[in-house]
Amino acid sequence: MIIMIRKGAEPEKVEALKQWLSRYDVTIDSAYIWGSEVLRMEGDLSKVDTSLIKRFDCVAMVTSTGEPYKFASRRNFPENTVIRVGNRVIGDNNFTVIAGPCSVESPEQIREVAQAVKTSGASILRGGAFKPRTSPYAFQGLKSRGIEMLLEAKKATGMPIVSEIVDISALPFFENVDIIQVGARNMQNFELLKELGQIRKPILLKRGPANTIQEFLLSAEYILAGGNKDVILCERGVRTFETLTRNTLDISAIPMLKKLTHLPVFADPSHACGIADIVPDIAFACAAAGADGVMIEVHNDPVNAFSDGAQSITPASFAAMMPKLSAICGILGKTLG
Amino acid sequence: MIIMIRKGAEPEKVEALKQWLSRYDVTIDSAYIWGSEVLRMEGDLSKVDTSLIKRFDCVAMVTSTGEPYKFASRRNFPENTVIRVGNRVIGDNNFTVIAGPCSVESPEQIREVAQAVKTSGASILRGGAFKPRTSPYAFQGLKSRGIEMLLEAKKATGMPIVSEIVDISALPFFENVDIIQVGARNMQNFELLKELGQIRKPILLKRGPANTIQEFLLSAEYILAGGNKDVILCERGVRTFETLTRNTLDISAIPMLKKLTHLPVFADPSHACGIADIVPDIAFACAAAGADGVMIEVHNDPVNAFSDGAQSITPASFAAMMPKLSAICGILGKTLG
Amino acid sequence: MIIMIRKGAEPEKVEALKQWLSRYDVTIDSAYIWGSEVLRMEGDLSKVDTSLIKRFDCVAMVTSTGEPYKFASRRNFPENTVIRVGNRVIGDNNFTVIAGPCSVESPEQIREVAQAVKTSGASILRGGAFKPRTSPYAFQGLKSRGIEMLLEAKKATGMPIVSEIVDISALPFFENVDIIQVGARNMQNFELLKELGQIRKPILLKRGPANTIQEFLLSAEYILAGGNKDVILCERGVRTFETLTRNTLDISAIPMLKKLTHLPVFADPSHACGIADIVPDIAFACAAAGADGVMIEVHNDPVNAFSDGAQSITPASFAAMMPKLSAICGILGKTLG
Amino acid sequence: MIIMIRKGAEPEKVEALKQWLSRYDVTIDSAYIWGSEVLRMEGDLSKVDTSLIKRFDCVAMVTSTGEPYKFASRRNFPENTVIRVGNRVIGDNNFTVIAGPCSVESPEQIREVAQAVKTSGASILRGGAFKPRTSPYAFQGLKSRGIEMLLEAKKATGMPIVSEIVDISALPFFENVDIIQVGARNMQNFELLKELGQIRKPILLKRGPANTIQEFLLSAEYILAGGNKDVILCERGVRTFETLTRNTLDISAIPMLKKLTHLPVFADPSHACGIADIVPDIAFACAAAGADGVMIEVHNDPVNAFSDGAQSITPASFAAMMPKLSAICGILGKTLG
């Protein structure tokens, strides 16, 4: 980090700055260029807050410290992270389709949807058991019973399963769940992220609707820094002024994330747009933009869905969508599975 | 709730709709007007999802169900909620100033700031012990030791204290904390909200940076529905494209909330704008817009603050701000304390 | 339009409402259902402001007037609009690639880029001559000389050309320009739109960065209502809190617009994301989402570009992108040209 | 401007950079510090695009060029701009209240409102004659006849008047209008701004709903750079995801603008929130935040207003609001007039 001192700054103010900087575990060198003093800090800069340095009167400018994350950075780890789930491989040249209902509602419902999406080519089954709902009066999920129904569907179909956790106390129920999802509203539930860094199971982390790409990577960093290296990022739309769609899927985030990080990048067209009719179009777009997978809500009876029916597509629509999706993946050199 | 059927809709489709509606615990009446069928639903409409009803082909339009919250609604509870904390009264004609550092850093620091803000007229002391931080590498707070230091400062000054909880497992540490704060990033941590609905202690709930006023009230409803009636709402800025300020304080939310709910409405100018220089101006604005209180970050040495130094004002600036703030409250018929 | 009167409303207030409604050129009928009066307005509802009706105390609810645009609506005009430009057909099963530099800089530059993009498969040439720039000190374009250079490139390559108009007084210079572009910042320059409704030349209308899809269609309606039926809509990103990309391309707007309107829908990945590296990925996504064309900035020497160099791709990148783009179009049943 | 070269950069790449930089009218010096080359550019840096410099591989970092505007900058012109309109002084210790209807509708209407707001203490009369409307089917204003009615009201009451221009061709009608308003949707109509820089009449420039504070100042710079020094800035709300209010008034923009520029800063609570009930609260907040004035929509019969009735307050509400507004100004050392 380089700090340029303002020309003509009072020496005692510069001294105060140097003393303040010495609180960090860094070495500080000083030199002069064109009559201005320049400071160089070296060492562990991850805790240095440049916004505070700028508040010193004597500072003309500060260089940034680069990326604030380490383990998530492709600069540090250029190789794509590849995650094995059952007999599936996520990342690299594989395009993974996760499908299933928003909420698990009954053993029959989840089994029926699971069979249907498997037949059409999905490789991982989703289903919500613990549901974070905006209203306290909305359906909150079948909880542990929902997980049991998912496990039965897993057994019946052989599909790995993914389900959302909303509180760390529920972790014991997820023992046989293959991928644990952290929802958008918990992307900055740091206590939860820290705990998930301690386990050895893939985490599908959704981007918060008001969070930047950098904050998204910092949340992934919480998990990675704990030692859990299997994080899947999932773009699911940011909040904007547009109200025709539920959120605005940030399609550019997909290639940007692929540049910045080695982690697999998924997208969730269903939650992003909230309108079943356009979900296939958005899924095609996500694949074309370079995503490593998509997560699609499929319900055998959307109108009777306990939650988010408006954005769920039918098994028939899902079946109709898959061949095109597979063809687009093929153009980009990926294999859908 | 009134549902108008599209003129010329096929009778079997209307029949399917009626059957579907019968899943709710409501009564359904039917009548005709200008040749169109009209349905009326009465009963507990809180679980009815109008977006699903609109998906039926035969539906021309649906009226909304009104406010989705009950206990938070001023329509249902017209009287201002008044909350007693120690010898302080929050709400009604009282304007409450909460002040203190972002993070508790040492016994001396918190005591010194507490004395200073008390002398200038603040009535409640704030201080963060459990800190939610975007980066895993940033200072995460002194945790239970921080709470102990706050309690010492409370004892020394007689000021009630408020501190943020980030996970329900920390609740035992808050036994002698007067007001528990739920931060913006946890506004939709519904498991936490449910737990806080079970206790009997005032909750200061901050608005999430991407949450609407309606979602804010629904989060309050989680706590109120649990039986805890003492919720203070706190506007702290929403996320926009403007980057000069940290967030954009939604000043209109203050009078809008006062119309919609009986709960006290506070604002946090420090987190909203993130720039110490303009914090007093924004505090004046919040008071003038009708807020019941403000929360101001004050640090005796902002440059050396462990967190959020850039937005903390000094005790001297705080002291200079208070007489004007008090005068503005006076114009609006409120007493600052 | 249906207006439900609140049960128990004072008759004189209902009378005042009816009198007020009579100012519109509509017929008003009254009926009763479940003891509540219901009013029905029929006729030209396009000027009726429902927000004012809601202000009457006696009104319980008002149905919306449906789509506020007529000529832009697919409901009214189900057939895709097809626009002929030279020997090119825009819309329907054609995918059109517009390419060229942000600004026309010299006869050599525009000719060289034109030849390059034509060879790679672009069918229309873009080039800015009148430039709207945020700063008064930035390059404002070569103006009429720029148009002349574009016309020379058109002659040399046979490609139709598109260029942006920023003020109606410049219209005479556009006589031989094939498509006139209205930039994002002029999407609500209604005086300009009205004038462009009077001419007979295709208009490429860009979405404003803070405008909803509905406002976008209403701006198109200004042109269509004037009699000019050849409007191409172009999504180019909305403004959000994310700063890594210049804007956030609203990918969902593409299929939503295709549902709502019969007009061709294009996208501009270059301006939307502002980062050359990811422009091809976003172009693929737009095609996959169902766009009828894309507009791509190509510059033979991006670093020396007079404007927007950071988002321009080289002719080599453009050439590399086109086969994949063509293949994706093929999957969706479209022919790139 | 300082450019740090990456350690170990290839010399020919650094040479290419230097050559490229030489296209600007600047001097370039080179020096070495800690083994890295550093370049210094001096001269007219206003045209230098730092984003292009960053694209050179050999560049490690570039300092910003500081504020991109000159005439609008308080750093360059520390004294408050004071504008005289008739016998009124705008800026400095004066708080100016502009009031009147959204649209001029008839001679009686504008005269009646003018008399009422004058009696209550407003000093400038507003009224729209040329109206920019989202829909082509909405009332577009009385145009030149509206201006005549405003001039009659000016004559009758002695109040200076302000009205919006939507196209430069209408300028002759504004000869006797005291202040010309540029609406939010024309904030980046640069051709219009350039023309208004050539006249000698105060311009009230509204902030665009998706424009940053910096872009706002750059639009003011277009007018100032043309030679017209009398620009009044007016914050009127930015577009966010919140839909309860029409826009979100950016209250922090008021003190931020006061820091960055010497120009008077106004706010328009009526357009920002769009709800008459809360307009007075927001006006109080704007005054408390340090605004130099507010613009309030007042209509004698809001429900029958031709435009924006939902946000207009009655003369009675306006009269009730003024004493409190005056008292708040007094606390901040300003005189309302």
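As written, the chain order gives the labels A, B, C and D, with residue 1 at the start of each chain.
As a convention for this text, a contact is a pair of C-beta atoms (placed from the backbone, for glycine too) under 8 Å apart; a residue touches a chain by one contact, two chains touch by 3 or more.
Everything numeric in this text was worked out from a predicted model, so none of it was measured.
Chemist: Out of curiosity, which chains are bumping into both chain A and chain B?
Modeler: Looking at chain B and chain A together, the chains touching each of them are C, D.
Chemist: If I rank C-D and A-D by number of C-beta contact pairs, which comes first?
Modeler: Ranking C-D and A-D by C-beta contacts puts C-D first.
Chemist: Considering only mean CA positions as chain centres, point out the chain farthest from chain A.
Modeler: D
Chemist: Which integer distance in Å separates the CA centroid of chain A from that of chain C?
Modeler: 32
Chemist: Which whole number of Å gives the spacing of the CA centres of chain A and chain D?
Modeler: So the centroids are 39 Å from each other.
Chemist: Measuring from the mean C-alpha position of chain C to the mean C-alpha position of chain D, what distance in angstrom results?
Modeler: Distance between chain centres: 27 Å.
Chemist: In chain A, what residues contact two or more other chains?
Modeler: Within chain A, residues 210, 238-241, 243 contact more than one other chain.
Chemist: Which bits of chain D are touching chain C when the two form their complex?
Modeler: 20, 23, 46-47, 49, 51-52, 55-56, 68-69, 132-139, 166-169, 185-186, 188-192, 194, 208-210, 215, 218, 221-222, 225, 238-239, 302-305, 309-310
Chemist: Looking at the complex, which residues from chain C come into contact with chain B?
Modeler: Answer in residue numbers: 2, 4, 29, 31, 33-34, 38, 40, 60-61, 63-64, 239-241, 243.
Chemist: Within the complex, which stretch of chain D touches chain B?
Modeler: Answer in residue numbers: 210, 212-214, 238, 240-245, 248-256, 259, 272-273, 275, 277-278, 281-282, 284-290, 324, 327-328, 331-332.
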